[in-house]
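Two complexes, one shared chain (chain A), two partners (chain B, chain C).
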Partner chain A sequence: MANQRQGLNVPDIDFETTWGVLEKAFLEIHTKNASALSFEELYRNAYKIVLKKKGEELYNKVAEFEARWLSSEVRMKIVATITPPLQLLTEGSGGRALSSTAERRTAGENFLRTLKESWEDHGVCMGMLTDVLMYMVSTQAQQHAANDGTDLEKDRVYCTDHRQPSIFAKAMGLFRDQILGSLDRPNGTQLAESLTKVILDQIQMDRDGEKIDQHLIKANVYMLEGLYHSDQEVEEEKLYLQLFEPHFLSTSAAFYREEGERLLKESDAGTYCKEAKRRIDEESDRCRSTISESTTPKIQKVVEDELIRHKMKGLIEMDSGVQYMIDNDKFHELGLVFELESRVDARKPELTKAIVSIVQDMGAAINKAAETTSVAPPAPAGQDDAGEDKPKAGSTRQINQQTAAALKWVEDVLALKERFDVFWKTSFNSDQTISTALTRSISEVINAFNRSSEYISLFIDENMKKGIRDKSEAEIDATLEQAIVTLRYLQDKDIFETYYKKHLCKRLLLKKSQSIDVEKQMISRMKIELGNSFTLKLEAMFKDMTLSEELTGGYRSHIARLGQADTKRVDLSINVLTSMTWPLEAFRGAGEDERESRNNLLFPGSIERIKTGFERFYAERYSGRKLTWQTNMGDADMKATFPRSRNGKPMTHDINCSTYGMLILLLFNDLPTTQSLTLEEIQAKTNIPLNDLKRNLQSLAVAPKTRFLVKEPMSREINPGDRFRYNEDFSSKIIKIKVGVVSAGNKVEGEKERKETEKKNNDSRGFAIEAAVVRIMKQRKELSHAQLLTETLTVLSGQFRPDVNMIKKRIESLIEREYLERLEEAAVPSYRYLA
Partner chain B sequence: MEVEMSASSDSLPAGYEYKTERFPKNADPLREGIKKYDRVHPCCMIQANSVRLWRSNDLSDLTVRCGGREWSVHRFVLCTQSKYFERAVEGGFKESTEKLIELQEDDPKIVGLMLSWFYNRYYPADSAQSDTTPDDYLSEAQVHARVFALGEKHLLYGLMDKAVDGFRVEINEWWITIGVAKGIVEVYNMTSEASNNLRELAVKMVCTHRRDVMNLDSE
Partner chain C sequence: MPKRKAEVKLEPKAVARRKMEDAPHRPETIAVIVGAPEQEQIFNVHTDLLIKHSNFFRAALSNDWKESRSRRVELRDVEPEHFEVFKDFLYTGFVYCSKAGDSTDPPHPRLACCWVLGERVLCTAFKDAASDAFLDKYAFHNKTPLRAQFDIYPNSTERSCIRRLLVDFAAHTWHVDFFRREELAEDNAAFIVDVAIRLVEIRNRSEGKKNLQWIVDRCEYHEHVSEKKPCYLETFRKAR
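Let's turn to the complex of A and B:
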């Protein structure tokens, strides 16, 4: 039966007839009657046409057929669903308002459903057509491969042509042109445009809380994603990307812009945050369920832009914004704000800015409060430092007030920091950026206050003297830690060092410190925090104290060995202080002129004897060292008997007074009880500087509890010509009497002292700067001005932040002294180191 | 498009050897396979299975009819290897419901070879002559040419390759015979021009032996 076979040798088949068979079958397929057709027969017919080299014609016929079918049958069906509500919608701007939501929804769904079904039918039918035309498709691919020079024998992949699309792609293109590209009625809108508008309308309903058919929209979006602008099927030219997405994004942007503004007006910040979060989640859900996931990042950006990025400032500045949240400890809401801004920017600029400004405002308030309390006249209430004696001078009270202000300032600053630490942990998820900003702003608060160094030192001082008295170890630890925390933020560490030294010096010498252990702990903490060089001098002070104890002991045993077992002998305990280490000027109440006279004090014999005795002893131990007696800092224990002290009976008191006080009182030992001395006589006999003398006389003759002398005339002030004599009638129940010297106590500095400290500080800074500059230049030999400045700032940043002008002046001075010279030929101002 | 599930021996890992002929005609090749080789490559198993199915009608779910002959075949075997059969069975046409494919205008002998190839990756070209009268006697070269044509019609590239191989052997060994000559005529009559390896082979042969071929013609 060989002649049954078909091949090239069989008579020509008639193209028109064969196509007729196929066309009829295709019509059946489109009307869903395919199951009556024989695949084999259709395939065979198409095969034969191609074998007769009529593939091209077949292709065109099929395309024509499809175009006809789509433009008539399918299009009519779809256009019929565009009812008046939809026409209004697609026509223009006011369309939405003109018909009710329900009407539009039903009409829209009807339209979408028809379109979806048409699309799906088209897909199915074209699948079947392609199956039937499989041989044509394969030869087409082979031809293209041959044309392109690719070896089809090796990889028989389906080749997409650059000139002629596959029949399936062609058919998809036809759907795009004949259906989506067509107008819904003469002079109407393109169906694609209507489709976009209907979908957007439905989405808007969804946003307004109406129920919509998400699957229907998804199916239509799926169609748009499957179609391309041209037959080349370039990924970027998807109809979805060209026709739908831009509109979707722009309407969404408009919607959220409006909604964001409305929310800002109508609700509070917390609600806004929740709403924004809800909207963002909702939009990404919508992409998943209704549109396309590829749009998720884009719509998220739109919503984030409109609801967060552009509104963040407004949100933060709302009445119920960040300021309100912080004032009212709204941890959760703050967390929401944080979360929102983290979405759009990892650096969270707006929130950080707001937090910084709030911290600075609060810090400024603290600084201002401290300033006003420190200068204000003694406040009537709230300022009662316990144990304050009424006769004390006004200045003393003011000083105490300063201390209180200092304590309050440090505590307030710490409280501020702790408060924001809590916010940081609970609301801001321990965020690094915010942490940095917080540190910076708290540091700014601390450094903006010009007394911060002094106040921090005072805070420690106060705690060392009183605060830690009844505290457990853990509490002391916490206090120390607090001090260190504030110190960490402080820029002018050199100034702090000056104050701390001064305060420490007084604590040590006057034995005011509660515990030397705690002092040492503090020093070691500072060492960890600020480095070795910072604590070097402080440690030296402690060393001096220990050495002095040994010295005193050594001297005592030295005396004992000498065998001068004189019971009346005055006992000496001494502190030898290294002169550069100790800020002894802290004790010098007055100016330079008095230093000379201090060294020429006239001591009574017994005192003079041990003074020279010790000097000898010391010179033996350490040769080549010069001892300078700081008589203004010493104190003396004396026994004094007053005849009528205890109810008219004699009584011996232990009196502790300053060295000056002792000298004055000793004068009266040798005097008959009735005889008196004038101020001038006393000064001549002792050579005590006048100011010190006056103050000591005040405590010995004016203060009621320690009135060992009688002053004539009786008045508060000590004037030239005043006379003093032994007070026989002194009476006191207390055995041990401590004579307080009216002095500028160990408190905040006065204006004058501050100026001095500042001046001294500037001088030492000057030296530090010069040293740094020389060191840098020595290493670099040549350096531009700007670089030198930067390096100097870096080197010194650990100690203080130098003033740029000061550095310039120092450089000038170094040039004058020929350490450096200017480079004339350099393009930028530069210097050279002169060895 | 074509699912290549061949287990030709050159693609097997070392240590595996498989030849269809090794199995006794009536034995179950799968069982034998397991018995004979303690390690059987999965591809061998599938191939063995496929051979077994070819010999029986077990599990058949599709009928191919051609020129009065019928084959009970398996959709799994055909559809996985041929887009044509897959679409015919799955495509929603009459064949889908009837589970019957009627190849109306093809040569049943060649169709039989094609189906054999589906199962065995091999077709016995000589078997086409077994029950023939001298009238429609086909030389092996002719058979190969026709198989090639049928393969091309149904887009079975593997089968086409096989046919080319067979044709090459014929034309190289028996170029002098009348059978080959008939085969060449068949090639020019029945196959299309596009990337046709058979025509290339024929041209090459004629070039190599042109003098002898001339002589043949004159005889």
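Let's turn to the complex of A and C:
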């Protein structure tokens, strides 16, 4: 009665018969004869078996059927393709050598093709089988889902134990076990192993530049990627990852290790880089086209390790390595090296190291050259190089040689920096790390040279005096910028300041500067670069100059108002300099003791008059200020007439000479032409310091072009008892004659001067350190020694890098003077500020 | 079909060059022959609908089977009446399941059989729609399905939801008399077991954790009561 009520008739079916129908159909499917089969009929049969709760039996039958099919038909077909060349290949290490590439390639491709086809057929057939068994599959899935959700402990244990892989997964597993897991012949190798070896062999051919069928390999790799070690299908257990990839990576590593070594030996660095880059690109291409994208990062790492990371040092140090590339401007190759190392390490340690050492070597060479040239001329550019028999041009050349060395040094350093900047931009992709390294090493180069401060200042001096004469504004700008660039690297900025002040002082007082505007520009640049405090004194110097101009003008109009239209009156132009800002010692000769005597100079009446006149004028304007006359820095314009100057006819010359020179010449104004004066007499009449006197007499009586006086006896040296008289026979075609003033130009300091500068500088550093220490301690009250040191170093880093010993000494001295005291109870050495 | 007509300028060449293959998909139909030969009916159904909703049709029409070559699918063990409901569902999303003046019990077309058809062609949407229609028809009209299990049980698997629905209906709404029907006893063991389990579950749920509350007095299960003797607990009290 119940059966009649059912809409769908499910007559009792016999499992064996129904399976028989299905099995027959499956065979047809495997032999590609499915088109005659009715899907509906097959599906219905499977459906009914499942409804009769025979799903499990059906599953097992299908698995059995597949295993049988794979292990007989399919396996046979594949094993048949393993021909002797492949057997040799898979058997052992010597395999590759024993048969020709062509043989192996054909055999390999044959094997791969058969395997690929079998795999694809298997996939298609299993797809169809799964469709037929769809009802079984879906109830299985339902069961699993229900079991996962069940609460009954007992049920769960039972079901997880019996969980089956889906029939498709099962079939894939069967392929793995029955085909890849089987041996190619009794006691032979597993097919999976053979497969790996064949693929690796083909890849090797590809690396050697032979053509291979990439799609074929890709299809087989795809198969390995689709198969898992167990039926659970865990992602990490892909056969590809287990059977193929490790072998691929290890053989690749071995290959590239050898390849890298060979390349290092056989080719130059440029070629190596190109080759390495090509190989890396090639391997990622290979992953895309032949193997699996998932391997790309891994194989890249292998190649990078073997060709770059382990070889970078060797590559850089090769004969044709980085040094060679830099020497020969191989921008492209350097770029390659950079690119290669960037791949493996963002910090590029090897390349940076190499670049730093090259810069330092080149810098050291520049420093050495500068040192050699500055020492080379035996006579130091000292005090006695003018006014002797030796032609003046010679000594000028000597000075110039020194100065030229300084200029060359600065220019060389700039060129070095410029050069590496170009490398940095074109080859190193403006990389930050390399930029930092470059800055550091150039700074080291500059600071390793102990006269860098002086030389940089001289460089600016030279440019201010001559260099910018015919330059356009943009060029001047560039020059100034260059100077600032070197300055930026300079550590001992305080020493530089000393030199700069000195040089600037001479430029201003002797009016050597081409353009005050440019000078001021330079100062404002320094202000930006080094800060306000640095340029404070320099600016004050300019201010003094402007004030003095106004003062001179004021004095002139003051005189004019007095109404003494005395044409013979001596005109005065004056510079009033604030004594603390101006490095007046720049003009001073070697002797320190002359300072007192200078003030007691004996001026002739006309000069003395205006001197006191101005003093009065100045005292009216600024009360309470004391004027000290720096006569050694002044100069004078005079008109002098010589009777036989122009072809025996009288001629009046405009003579420009130092104030001392003027005093000496004025003495002869009052004397009959034949009368002479001894050195001692001149000194007594003028009270000029002996050294200055000797020097000025040398210019006036020895130097051929300005021999206004005749010296007896005629010799280079000025000796006590020498006599001087007016030179009636002086003749010159030039109207304006400038008497060479010794030490007028800025030049490299002599050894003695330099020691002096250094000493002075050390003194001022001492003050700066003490000031810094006191400031810090005042603020912190108590501080440990180490902390105080670091803070002092930080505070002073803008000016110079203090010597730690010097700081220690200064601290000691401050303790002695009871600014600080030691803390007895502290664990680490510490100090306290004493208010 | 341009939305803003003014902007579209059709170039004559562009019209002429259109390839046949680029034409929009033209739905094709296949013939589904339903029912035993003597009462068969042929339904022409659009393939894309079938493939979209039914895994059975998708598989039958995708690989190189006889069906995909002949564009015919035979379903001899399905009644045309139910396939019609399926077909209408495919096109509309509704289950058209009552006929005017039909007084059969259960009324035709039988929704349980529709569900079975859904199971047969692996169309989840149709199965669920059929089970919803089933609910609507009974639960919301205060009716009780008494015979659906005869259709469902032989044609479904253990865990199917439709079975749960039927069991819940029985457990919650069936009158005691319904269980006493003779027809129920025949060949319906699976159904009866499921209902029994469900009833226990319902009982457990309503009583919560107080499982032992029904034990009022242990002596109810003691034999001494009928022998009118005191309980052993009493007699041994002093000894213990």
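One rule holds for everything that comes next: the second predicted complex is superposed on the first by the 702 of 835 C-alpha atoms of A that agree within 3 Å, B and C clash if a C-alpha of one lies under 4 Å from a C-alpha of the other, contacts with A are read in each partner's own complex, and residues count from 1 in each chain.
Note that in this section a residue touches a chain if its C-beta (ideal position, glycine included) is under 8 Å from a C-beta of that chain, and two chains touch if they have at least 3 such contacts.
Quick caveat, the model's predicted, so the values are computed rather than measured.
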Practice item. With the two complexes superposed on chain A, say which partner A:297 touches: chain B (first), chain C (second), both, or neither. Key: neither
Review point. Between chain B (first) and chain C (second), which, if any, makes contact with A:720: first, second, both or neither?
Key: neither
Review point. Of the two partner chains, chain B (first) and chain C (second), which one does A:246 touch, if any: first, second, both, or neither?
Key: neither
Check your understanding: Is A:553 touching the first partner chain B, the second partner chain C, both, or neither of them?
Key -> neither
Check your understanding: Who does A:131 touch here: chain B (first), chain C (second), both, or neither?
Key -> both
Review point. First (chain B), second (chain C), both or neither: which does A:143 touch?
Key: both
**Study point:** Residues on chain A lying within both footprints (that of chain B and that of chain C)
**Key:** 1-2, 5-9, 34-40, 43-44, 47, 51, 127-128, 131, 134-135, 138-139, 142-143, 146
Point to revise | Complex interface listing, chain A residues touching chain C | key: 1-2, 5-10, 34-40, 43-44, 47, 50-51, 127-128, 131-132, 134-135, 138-139, 142-143, 146
Revision key, fill the gap. Seen from chain A, its contact residues with chain B in the complex are 1-2, 4-9, 34-44, 47, 51, 127-128, 131, 134-135, 138-139, 142-143, 146, 152-153, 156, 158
Exercise for review: Name, in rising order, each residue of chain B that touches chain A in their complex.
Suggested key: 1-2, 67, 83-84, 87-88, 91-97, 101-108, 136, 146, 149, 153, 155, 157, 189-192, 194-195, 197
Study note, to complete from the structure: Per the touch rule, the chain C residues reaching chain A in their complex are 55-56, 59-60, 62-69, 73-75, 77-79, 82, 110, 112-113, 116-117, 120, 122, 147, 150-151, 154-160, 183, 186-188
